[in-house]
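Look at the two complexes coming up: subunit A is in both, with subunit B in one and subunit C in the other.
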Partner chain A sequence: MKDFYGVHLDTPFMLGTAQYPSPAILAEAFTRSKASVATVSLRREASDNKAGQDFWQLIKQLNVRVLPNTAGCHTVKEAVTTAHMAREIFGTKWIKLEVIGEEDTLQPDVFGLVEAAKILSEDGFQVFPYTTEDLVVADKLVNAGCRVLMPWGAPIGSGMGLNNVFGLRALRSHFPDIPLVVDAGLGLPSQATQAMELGIDAILLNTAVSKAGDPAMMAEAFALAIRAGQLAVGADPMEPRDMASPSTPIFGKAFLD
Partner chain B sequence: MISIQVNSNNLTCKSTNLATLLVELEYADSIVATALNGEFVAQNNRVNTPIQQGDKVEILAPMQGG
Partner chain C sequence: MIPQWNKSQTVTVIGAGVAGLCVATELLQRGITPQIIEAQTEPGPASCSWWAGGMLSPLCEAESAEEAVTRYGKKAAAWWQSHTGLVKQNGSLVVALKRDHSDLNRFAKRTQDYELMDSAAIAALEPDLSGPFTQGLFYKSEAHLAPREALTALKNNLLKQGVKFVYCAAQPETIAEHSLVVDCRGINAKNDTRGLRGVKGEMLILRCPDLAIQRPIRLLHPRIPLYIVPRGDGVYMLGATMIESSAKTHASVRSVMELLNAAYALNPAFGEAEILEIGVDSRPAFNDNLPKIRHRGHIITANGLYRHGFLLAPSLAIMVANYIHTGTKPEWFESV
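Take a look at the complex of A and B:
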């Protein structure tokens, strides 16, 4: 598995921390997922509300790396300022950079994304850009300093799976050495397997686990699915063909006419 | 006393810098990050960052995220 800014991850699974029924279920989901990374965020909090402080204590006990995001930011300035605040609080150079451009699909504003990625990379951040599968945008992100790309599978929280398999395959082919993370849009473990079989290096998801009836069980299901796809790629799959090829040997077959 | 906004809420305070404002608002023991008028202010710069009438302060804490 490729490194992520020089960091080796034990598993290619990055799991979000939002929308769980309870902190205990969040913790159980992480345990069963064996995820290596937890995504976190920043929000306003009144001084007499310690939910955020309690949440941070919980995350520190999970023994995973944290990947802060800039979720909800719609401008370069918002995203850059939020990234600086996140770096101070979470003590990491990693930032999942989101600059949202459209409300219905939460599609990234790729122009703002490239601009923010350049600013943050030059300031020492290690940027994980939430982007589309667009090759030209990806190229500009790499030129801006990104050494990881995070194309969406489908709109955030939609559970639709991989909307553009061709685009992801092209991205993989065009950037063989850049770690690719499918971020967002997955709903079922089989979709994670499919992504891994395309040669994607890691999976980032949240809603598919946190909104499942049994989040911990779904977390384990995704872990197994991701592992299955990872093993399949390592096993060098056969080439598909149009016509049948008998798997049972013909040699020695009886002549019964 | 001056009038400022903290996380979009209007309030009056007697603090003259960002560090004492956090103490006055009882954030002293909390893990938070700050911004003043849209610009990030690092923890070690708060004491040197004056608060003035009409300033807009953001105080953010860790939160769940995807």
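Take a look at the complex of A and C:
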């Protein structure tokens, strides 16, 4: 598995911490997911004082690496300010960069994203940009200093899976050395397997687990599915072909009469 | 009865929010006349329950809450009706805009005992919601009440029956050990209650005489789930945000804007409403968002009602009073 800014992760699973029925269920979901990374969004207001401390304590107790994000930011300035606050609070250079361009689809404003990625990279941040599968945007993000790319599968929280398999495949072959994380849009474990089979390096999701009827069970389902995809790639799958190829050799069959 | 208490001892309840008032009421029913210590002379904005929605909707809560919330919550409406007479049994309605119908399906899947409504049925039930809503869920057995009036009614009942209120701020440890203390301070007990955290909520009270909504309405939305509870006389309570923070101040522009946006989506007449109050407080909650009763020495704590104050306080109070009276450890008892 590729490193993420020099950090080796035990599992290619990053799990969000929002919208669980309770902190207790959140903690159980993390245990069963074996996720290596927790994404945490920062409410700017909560950073003013100690008011949000309890939740941070809870996240720390998960014993996973924290990837703070700039969820809900609509402008470059907002995202940069939030990133700075996150660096102070969590003591990490990692930042999942979101610059939202449209309220209904929550799709990234890729122009603002590139701009913010450049500012933050020059400032020493290690940026995980939430982007579309667009190749040209990805190239500009890499030029801006990003060494991880996080293309969406589908709009955040939609559960539609991989909407542009071709685009993801193209991204994979153009950036063989950059770790790719499919971030957003997954609803089912099989979609995570599919992404891993495409050669994606890790999966980031939240809603599919937190809004399931049994979040902890779904977390484990995703863990197994991600592992399945990872193993499949490592096992070097067979090439599909048009005609049948007998799996039982006829040659050598016993004559019974 | 519990070994730490005998009938000659006084019982002191600290806190006269919804938890403390319910506990005192249940103690009285068992022949125990408690005294109450409370910092405020009247029910008011310093207590979290002042800002409650007042929905008694155990069925809807099943969407995200533990099963016990629904099971005990079902007892709430009858309790409040018998002690205050303020319960309105008009059911509650859940709607979503067309593009969010998958949220409505999800809600239906997680809950029970509802009627599926089409636009005609919605319009017949709530004429002010006809138009944008083509599907809804009607929970006929649910109810609501005006929480501020209910707090005042409970307090007046207690006063009438000889319960003494002492108005000062108190810590449970400072009460002499010959009195059994029930600590119902809610989020104010955060510093000496292990695992208690605050979940901030912001809410609005609007006057909109153009509308005549009869029952709590939940509008499902991926970003801003909203509920509106009618308070009578064209007054509505709009709530509520859920933010992991123990801050009790600072209603943010974004939260207020989102709540108002959602209200406007429900009916554009809310655009003309008068904003009466902007409220903000922090709900006391434990990690599993369920209440807990703990007992150490002469102090019993009853806390963690989260956003289910009016829904679960009666059951919490019954458990505390039974525990003191009979010594039986209740479901929400946690050994320390």
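The definition used in the following text is that the second predicted complex is superposed on the first by the 244 of 257 C-alpha atoms of A that agree within 3 Å, B and C clash if a C-alpha of one lies under 4 Å from a C-alpha of the other, contacts with A are read in each partner's own complex, and residues count from 1 in each chain.
By definition in this document, contacts are C-beta pairs under 8 Å (C-beta built on N, C-alpha and C of every residue); 3 or more make two chains touch, one makes a residue touch a chain.
All figures in this text were calculated on a predicted structure; none of them were measured in a lab.
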(Q) Quick check for you: in the superposed arrangement, does A:A24 touch first (subunit B), second (subunit C), both or neither? (A) second
(Q) Touch test for A:F90: subunit B only (first), subunit C only (second), both, or neither? (A) first
Q.
In the overlaid three-chain picture, which partner chain does A:P68 touch, first (subunit B) or second (subunit C), both, or neither?
A. first
(Q) After the superposition on A, what does A:T81 contact: first (subunit B), second (subunit C), both or neither? (A) first
**Q.** subunit B versus subunit C as contact partner of A:G213, first or second or both or neither
**A.** second
Q) Does subunit C touch more residues of subunit A than subunit B does, or is it the other way round? A) B
Q: Check the residue A:G16 against both partner chains and state whether it touches subunit B (first), subunit C (second), both, or neither.
A: first
Q. Is A:L42 contacted by the first partner subunit B, the second partner subunit C, both or neither?
A. first
(Q) With the touch criterion stated at the top, can you tell me which subunit A residues are shared between the subunit B interface and the subunit C interface? (A) 43, 45-46, 48, 50-53, 55
Q. Within the complex, which stretch of subunit A touches subunit B?
A. 16-20, 26, 39-48, 50-53, 55-56, 59, 68-69, 71, 77, 81-82, 84-86, 88-90, 156, 184, 205-207
(Q) Can you tell me which positions in subunit A touch subunit C when the two form their complex? (A) 21-25, 27, 43, 45-46, 48-55, 58, 157, 211, 213
(Q) Under the stated contact criterion, what part of subunit C meets subunit A in this complex? (A) 64-66, 106, 109-110, 197-198, 200, 222, 243-247, 250, 252, 285, 287-289
Q | Parts of subunit B lying in touch with subunit A, wherever the complex brings them together | A | 7, 25-27, 30-35, 38-40, 42-43, 58-66
